[in-house]
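Presented sequentially are two complexes of subunit A, the first with subunit B as partner and the second with subunit C.
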Partner chain A sequence: MGLRIEVIPGESYLHKLDARPKFLLFLILTVVVIFFTDPIYVGTILVALLLLTRACKISVRKTAQIVKASSLLLVVYTLINLVMGPGNVEAAKNPSNILFYLIPTLNWLPVTPQGIVYSTALLLRFVIVIYLLQLVLFTTPVVDIVLALVKWKFPPSLALGTSIGFNFVPVFMNTARSIIDAQSCRGWRGLSSGNLVDKLKALPVFLVPLFLQGIESAQKIAVAIEARGFGYNIGKRTYRREIRLNSVDYGTLVIEVILLAGSTILWYAGYGTYMFTYSLLARMKI
Partner chain B sequence: MEKESCLRFSTVPSLASSVHSLEFDNVTFSYAGSKKPALKNVSLRIKKGESVLIAGPNAAGKTTLCRCMNGLVPHFFLGDLEGNVIINGINSKSSRIGQLSQVAGLVFDDPTSQLVCSSVEDEVAFGAENLGVSREEIDRRVAESLEAVRMRGYERRLPQTLSGGEQQAVAIASIMVMDPEIFVLDEPTSNLDPIGSMQVLSIIRDLARKEEKTMIVVSHSIEHFVTLADRIVVMNEGRIILDEDPREVLQKTEQLLDMGLSPPDVTTLFSRLRREGIGLAGDKIPVTLEEAYDRLKNMSIVNPSVSKQKALSREKRMDVIVRVKGVRFKYPTSDVFALEGIDLEIGKNEFVAIIGQNGSGKSTLVKHFNGLLKPTEGSLSVFGLDTAETPVWELSKKVGYVFQNPDLQLFNYTVRNEIDFSLKAIGFPADKREPVVNAVSKRLNIDQYLDVSPGTLDKGGRQRVAIASVLAMNPDLLVIDEPTTGQDPANSRQVMNIARELHSEGKTIVFITHNMGIVAEYAERGIIMLQGRVLFDGPVRQLFQQTDVLKESYLEAPQIVRLAQMLRKQGFPSALLTVEEMVQLINENRG
Partner chain C sequence: MRIFKSKEERGSLWSFGSIQIGYAAAFGGLAFAMRALGVGVPIAPGMLMDARDVVSIIGPGFSGLIGSIIIGILAALPSAVFSVQIYVPLCLMWALVFYFFRHPWYHVVNTILLLTVWNVNWAVWYQIFGFIPEFWVAFIASLTGAVVYIPTNIILIEVLRKYSPTAKRMIG
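Now for the complex of A and B:
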């Protein structure tokens, strides 16, 4: 099922952290990893994240499931960077740098050590972003996301609509599964068999009922929330939960600022490129 | 919740002087785009504090009536509204749903699609938040509402992971939090299992006791509301047919039966006896089990022959077609086994009911019969085929599976294509398909709709189309998953009558249901499941005598069976199953 929208209950630092600094942490780390193309720099951040996960008593394996689910995408992304990465293209001009070819018989797509180092960094960078997103979702109830959005002046109806949508995902998944079951019982062989044309032909069997059920559910939900006064006076709506920044949240914000500033300086000074690891390796004569 | 006047909101005029909570004044309503009115000249007055049951077959207008009560009609469901609906003194035409929802709270039949938040407490708070209630007041109301539906301790739970009964309890609490004068519950128990229904019924009972609250319940289970409701309103085809004291309405049991409703067994019994001219019927039909017992307790049965009919059909052991051996099953996402070691055999031409609460493993078990699920441990063979190695589409030629919701399956432009689809899918020769489609559609009485879109048919019609598309493959074993849940009695009966006909032609039928009356009337063999195990497996006649087993699994025998059991001393056989049998028995033993 890939990404599960659920919250793992807990009382840890990440759980208690206000949704706003948590989002900022996500955004800042995303920016920071973009600054760096060196596997040691990026890898350090990943290790720090894994330690944080452990410290918050959240299963690393469970959080990493999203990485596993995206593995195909990651492989393709890495292969592209391996060959097309600027370091690799530059280094491949000198034949002595070439380790091997991805397509050996034709001597196509040369791979250099610089390319390997660079693409490893980018792979780790990608992993960090999706891992962190999952970590945030695991520790932040949808209501808190809504509240954060409302505080950031998103229209409440939009924020609430988003949260209802999130909560409805598992129900919709169940419907999809039931439709597949129900159609299989009529001799349908599903989307996994036959060639592309067969697959395309088989799509409406699944999509039409799913679409109709989706519309029906959407209407039922609309009726149910109307009946609970949803459209009454949305500007004056109150929220049971109050989100207020406490000292831990402010502390986190300070760390985030330092992190962002420090990384910017390092980046500006030219640190953190893939050449760092490459020259280390070269010096060790590997 | 009744004590604080601060629960009132300035926008709602206080109309304590008004005697009526609800007034329908000659209301006719047609949904936009529909020529046929859903309500026709409906006039209805409901007093403050009254509890009213609304009964009626499909398309009677019950749900439309409910939607009028908080302004969903005409403000959300647009259409042509004639006449006036006055809700606590406010005319629905000149108000908004948001305002009216504070006066009349609606609870719907489908628990999953009315719960929208990620925790029970957020769910319950949602309505109060929308009304702009202060934070402290919300907390107080949430706690109070959860207390009232006995759901304290569930605050942090995810609503979607609760049982159906618990979800419906949360849905009721999330209406209570808005403190409406009027509670409108549209089929609150029709999608629930027996435990869930009991849970919700007891909440409704508490609500009805509160004198200042008006309660309107739409339900098919008249039996449960006889002593609870002050009035029963019977609707049919958009009109109010009867509007009287429950006792008076039930004197017209035959009329209710003709409309396809399910009056209590005891009233059906006495109305039958009255028709047969049997003296002991008296002038008034008793409406409760106790009253019926009082009427019959002086009778004595000397010739209890009935139970020999519909004999214990399992004794004529036939070819085994389903063989389940030591099957355990675990869903990939779960840590517990949904089936904990099942061993059973089903023979050719059996008629088997599988009963038990939700989560007991019924659906999980039958989904093994056509390979939708493969056993984690143990083995399962169907018509000699190992289901672990045979694809579902292959098994579907032998095992037909009818789903509860036909809309999961229908996707074609015409009914003809819909039926033809399964034949095509299993590779039935093209030239032989048309005669099959014609024959099946004729049998299910949909041959006149072959060229129309299935979407234009009513639910009963769509269900027949879905069944036709399964029957076209001519399966020898038919599995029917909950033909009674969320259905009106006429629709459930329609499906079961088709099953009975197929059974008489030699087919094997396995069905799942929560309706014990249907089990008693149709099945020969009954299997009770509890927590992934088979608790009882035997003839239905014996099943309802297992009072301990029934109690353990929170099931209740049909009212007529309970009556016969109360009358054991008078010589009534406790294996008696149907009203029909009781009538016959009394007939043979009178005088």
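Now for the complex of A and C:
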């Protein structure tokens, strides 16, 4: 399951925020969480996001569904970082740091406290990135994203193509479902059954009609936009709704700049590494 | 056998008319729908080779250089992780391959790029996101995807060229 592209209506701060500072907030927070490898620093950002979600009157459970859907990926990701993360690799050189082995019978894949702290921070980082993107999409209509692209000086034809593409998503979802049903009726066993070669053979059975449908739709779109005067001075195209930055948007932009600058300074000064939580735990003798 | 397309066959690199918008919107929407539906080939537990990647490789051949940006954006958006910065450069790369190379040479170039640039790109981003800290482990993980995509792309392009005159005209 991927992200849900739907808007949950509301009148909150995040709903009213212009799409541009909202996407900048997403990008800046993604950069900020990449700076830090400490669970306390990253956890604080996650708590702030949960509070923001509550303030927007959006269900945390609904927003977190994307995290739940990615749980298998999260487990694999955490295990990889637990064993191969730099914190664990460095600490495992000293045998006194090793807590246990993931494969105890062979004494393979040692796990150290530093590795656990580091992988926890990276797990939280991953959760923040996917949670935040879902939160932004829940509060931003697609048309606002397209208008933001135009305001960011994207060519109007590019924004037009993106918006048409968005509008065609449900059409293709229905087409894909119909093709799956039609091919299943003909004895197609889907993409999940059999070995890798069987799966490879099964893929074109599904993709070829879908691509042919895509080609046909593309030609219809081209005729439709030509018929609506696409070729006539698209640069001067106007929109039914205009988006403008207001004082709240400017205030948010200032906060974003402060957040980015502050985090950069902390990172540059050496704060926010996994050793912070590790040393706290060591001092508490946990 | 000529490797590169002639100037007449290529046309303008920057052309972005209604037909290119149509293809970009259709294939972008298709890539988005595939990801949203979770269509893909399960390789191992937790590892799904995404069918949208096939669209993001072939689609730019139809929509041209600028249209490939739209396909990249729409293919990347439904991911759990923000991946527009990964998909858009890759789509631009595939657009250039189809723009410059004749059939069947683009299969050769696509295969080389899937085994090298595509994997390096994913491996680097896996490291930046911190998913897989070791570069070579990340590289080999994405290589399993390339093993699926290479034959799928070749079969798909050949079938499309055979049954759709439009496809043959657009990608050469």
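We adopt the following convention: the second predicted complex is superposed on the first by the 285 of 286 C-alpha atoms of A that agree within 3 Å, B and C clash if a C-alpha of one lies under 4 Å from a C-alpha of the other, contacts with A are read in each partner's own complex, and residues count from 1 in each chain.
Definition applied: contacts are C-beta pairs under 8 Å (C-beta built on N, C-alpha and C of every residue); 3 or more make two chains touch, one makes a residue touch a chain.
Fair warning: this is a prediction, and the values are worked out from it, not measured in the lab.
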Quick check on the subunit A-based superposition: subunit B and subunit C, clash or fit? fit
Identify the partner contact of A:Phe168: answer first if only subunit B is touched, second if only subunit C is, both if each is, neither if none is. both
Once the two complexes are overlaid, how big is the angle at subunit A between subunit B and subunit C (Cα centres, nearest 10°)? 60
Regarding the shared-chain residue A:Gly194, is it in contact with subunit B (first), subunit C (second), both, or neither? neither
So, A:Gly262: does it touch subunit B (first), subunit C (second), both, or neither? neither
Based on the superposed arrangement, let me know which partner A:Pro155 touches: subunit B (first), subunit C (second), both, or neither? second
Taking the superposition on A as described, I'd like to know which of subunit B and subunit C A:Gly231 touches: first, second, both or neither. both
Does subunit B (first) or subunit C (second) touch A:Arg240, or do both, or does neither? first
What is the contact status of A:Val76 with respect to subunit B (first) and subunit C (second): first, second, both, or neither? second
So in the superposed three-chain picture, is A:Leu203 touching just subunit B, just subunit C, both, or none of them (first/second/both/neither)? second
A:Ala222 contacts which: subunit B (first), subunit C (second), both, neither? both
In the superposed arrangement, does subunit B or subunit C reach more residues of subunit A? C
Looking at subunit B versus subunit C in the superposed three-chain picture, what is their shortest Cα distance in Å? 7
Dual-contact residues of subunit A, meaning touching subunit B and subunit C, are 1, 164, 166-168, 170-171, 175, 204, 208, 212, 217, 220-223, 225-226, 230-231
Subunit A to subunit C touching residues, read off their complex: 1-3, 5, 26-27, 30, 34, 66, 69-70, 72-73, 75-77, 80-81, 84-86, 122, 125-126, 129-130, 133, 155, 157-158, 160-162, 164-173, 175-177, 191-192, 196, 199-200, 203-204, 206-208, 210-212, 214-215, 217-223, 225-226, 230-231
In their complex, what parts of subunit A are in touch with subunit B? 1, 6-7, 9, 141-143, 163-164, 166-168, 170-171, 175, 178-179, 181-189, 204-205, 208-209, 212-213, 216-217, 220-234, 236-242
Report the residues of subunit C in contact with subunit A in the complex, numbered from low to high. 16-19, 21-30, 32-43, 45-46, 51, 54-55, 58, 62, 66-67, 69-70, 73-74, 77-82, 128-134, 137, 148, 151-152, 155-156, 159-160, 163-164, 166-167
Please output the residues of subunit B touching subunit A within their complex, sorted ascending. 70, 72, 76, 96-99, 101-102, 105-106, 108, 110, 112-114, 116-119, 121-122, 125-135, 138-139, 142, 156, 158, 160, 174-175, 178, 333, 367, 370, 372, 391-393, 396-397, 400-401, 403, 405, 407-411, 421-422, 425-426, 455, 469-470, 473
